[in-house]
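Provided herewith is a single structure, encoded as structure tokens, for subsequent inquiry.
In order of appearance the chains are A, B and C, and numbering begins at 1 in each one.
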Amino acid sequence: MSDTLGRPPARLLIPAALGTLLLVLPLVALVLTAPWSLLGEQLASEALREAMWLSVLTATVATAICLALGLPLAWLLARVDFPGRRILRTLVIVPLVLPPVVAGVALVSAFGRTGVIGEPLREATGWSLPYTTAGVIAAHVFVSLPFVVISIEGALRSAHKEYDAAAATLGATRWHAFRTVTVPLALPGIMAGGVLAWARSLGEFGATITFAGNYPGTTQTMPTLIYLSINSDPEAAKTLSLVLLALSLAVLVVLRDRWLVTP
Amino acid sequence: MSRSLVTRVVPLALVLLLPLSGCSDDETELHVQAAASLTGTFQALEKEFEADHEGVDVKLSFGSSTTLAEQANDGAPGDILATADQQSMDLAVDGGSVAGEPAEFATNALVLVVPADNPGRITGFDDFADTDWVRCDDDVPCGRLAVSLLDANGVTANPVSRELDVKAVLAKVTSGEADAGFVYATDAVAAGDEVKVFDVPGAQDQLNPYFIAALKQAGDDDLAQDWLDLVNSDKGRTILTDAGFGQP
Amino acid sequence: MSALSISVEVPDRVSAAFTAERGDVIAVIGPNGAGKSSLVKAIAGLVACSGSVRLDDRDLLRLPVRDRSIGMVFQDQLLFPHLDARHNVAYGPRARGVRRAEALRSADHWLQRLRVGDLAARRPGELSGGQAQRVAIARALATDPDLLLLDEPMTGLDVGVATSLRIELARHLAEFGGISLLVTHDALDALTVATRVLVLDEGRVAQYGTPDDVTQRPVTDHVARLVGLNVLRDGDELRAFDPSAVTVDLVAPSGSARNRWPGTVAVVTPHGAALRLVVHVHDGPDLLADVTPAAATELGLSVGRDVWVSVKQTSVRSYTAPAN
């Protein structure tokens, strides 16, 4: 606990310990009080398997989309000087502070059946996002994208710009430099952004239910299933939460070893 | 996980804070805990009651019936409990919180609502099934009632979404995101011109009963009884009926 | 018309114009903040500037960085940390569309020429400073540039490493055939590697000439100090003389008052077989004087001693500062 710089001061250790306690205690309590005997029965339920599969599917697809859109956006914010860059950065971050339900309402306003874009889209194609799995993914992308952009932009800023300059003097186009230098150097940040997006999507609830609705197999994800169980069967809700918790932990541990280790 | 934390901790915190408010003056207080769907009507009743009882301050708090019943069992301060179903009231009775017999004072019927412009061109219960319609989830009371009624009518069609509560169903309809939805008659009345209402066959046979009772921890039994009397008075019944409630 | 004709202005940093011929190795020297790095970065297109960089019939400033046909060697190398030495050197050819196998062959060739062929599989983090700089030079040369820009490539290297690299660099630059700009703060680089020396002072070209010219007739105090000359300035008239030509006495020597100065010994350091004194002249710039240890003992020359320093008129080179 001590090194040559001296003992870590109590005024730092105590808040750190409190913080740890605050984060860990509720989860430990959840594990301790969960009715483990129900676990087998829960795992066998169709509803759980459907919701679990849908959660993993939508979170994964949403993460892929977030990376595909967020990486270029983060690059733009980090590497290109253009008027309105600060405003764009602020706009990109705004969804972070929105209550998820408001995010859902905003999505409805844009892409709902009567939305600004949703209505013409539906008139033209007969198709609309709400009540579809694509709608769930859209909600996940909306709430997760800011995490990806912030995370990757930070990585791009700390990965030195001079390497881009070096690549340019060697004859690389910006696209070539992006692929061969920028992305590899920012990879840890990109992966961290992906993990954040995946975790955020997996736990997303408010925007999803508001925008995409809730129907087993199509739009019902784990958090919605858990929320419904809280009203009807709180014990079942706990075991469902455990399953989600275990899945998240497994993924985070696997990724942590590879990508989230900071030197 | 965080949801359960929020639903548990936040109401608890609010309840803990309640005794701190309004203690400074000499006014007598009457604490009424009521199901959220009673919000409008009980606020109207509060005005009536305070006009008749000088020096009495009615404190209303609204929430889910189950939560209110559990809070009453936990000893949260309250004089009156009004629930939107029988199970919750039974919960309070079993928990020993209720003084005397709970009385059914109102009913709520399920109705079919469509947006004012009726994009699904629905003419009634017979032709909603192939549109994009919504109802409450099977796990919440309004959903159980809807499923039961749909079964009774032999409807096998699936909704596009099973919403978490009846307000969400109404919101989907009023915003035009759904062609139709099943809500309580009181919700339909509250939505006014925003929706068109159709009756559901057999709805009168499967009514959602509202129960009211004085609680044991009531500070002033007479005052609590006065509130019960007001709810059952002509004036009270009128207010309830205007809001869309039925009489038991 | 010269092969290279440069006239660039980086606001608040550099305003410089000069020309060069194919095969020239131009050492860019000057004190810190003189704008040496800004100049080469402006030519490379890494800092914004106005003006023109005319190479044959093209104006490089009108071209994107990648089309300027320049090779840049950075002070901190900027080798791509995720690629090994081989792929770092192959990067340029690959970026210009050379097929993979050919690019790697070319990389091996250049690594061999820079004598780091055995380090091809190492990543930059596993290379010493000198090795990394050799890889960086190989990387710049592998693109076959018309113009090679080296921004203080020796800075930060151990003295021994820098010396051997300097000798090789001189050879490579001589073989290179294009035009090289070598930013340095070391007089040795200017003397051993360069065919021309560009002296920058406060962003302007103070002197541009052959290494002999610049070291024999420096016009800035910075270069005078770099090459260890005493330089006296009187308007545009400059007079330079070597410290070894300076005589130190305890009393005022006979001779022209223009060539003798009273002062105080400020520093005494060994300089080869002699002792080098820095004499703080009472009404002028500090002067350097080399004396034999015997003379120093005899005269009791230690710090704080009041002395007269003088120089024979025949040892003084007089010249005029070039107008810029």
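General remarks:
The rule is simple: contacts are C-beta pairs under 8 Å (C-beta built on N, C-alpha and C of every residue); 3 or more make two chains touch, one makes a residue touch a chain.
Since this is a predicted model, take the numbers as computed values, not measurements.
Setting subunit A aside while every other chain stays in place, the touching chains sort into these groups: B | C. Central chain (C-alpha centroid nearest the global protein C-alpha centroid): A.
No other two chains have as many C-beta pairs in contact as A-B. Distance from the subunit A centre to the subunit C centre is 53 Å, each centre being the mean of its Cα atoms.
The distance from the centre of subunit A to the centre of subunit B, each centre being the mean of the chain's C-alpha atoms, comes to 36 Å. Subunit B and subunit C have Cα centroids lying 86 Å from one another. Touching two or more other chains at once is no residue of subunit C. In subunit B, no position touches at least two other chains. Listed for subunit A are no residues, as none touches two or more other chains. By the touch rule above, subunit C contacts subunit A in their complex via residues 44-46, 64-66, 68, 70-72, 74, 78, 80-82, 91-92, 95-96, 139-140, 143. The touching residues of subunit A, counted against subunit B in their complex, run 26-27, 30, 108, 112-114, 130-131, 203, 205, 209-210, 212-216, 219-220, 223-224, 226-234, 237-238, 241, 244-245.
Within the complex formed with subunit A, the residues of subunit B that make contact are 1-5, 7, 64, 66, 132, 134, 137, 139-140, 158-164, 168, 172, 175-177. Interface residues of subunit A facing subunit C in the complex, by the touch rule stated above, are 160, 162-163, 165-173, 176-177, 180-181, 184-185.
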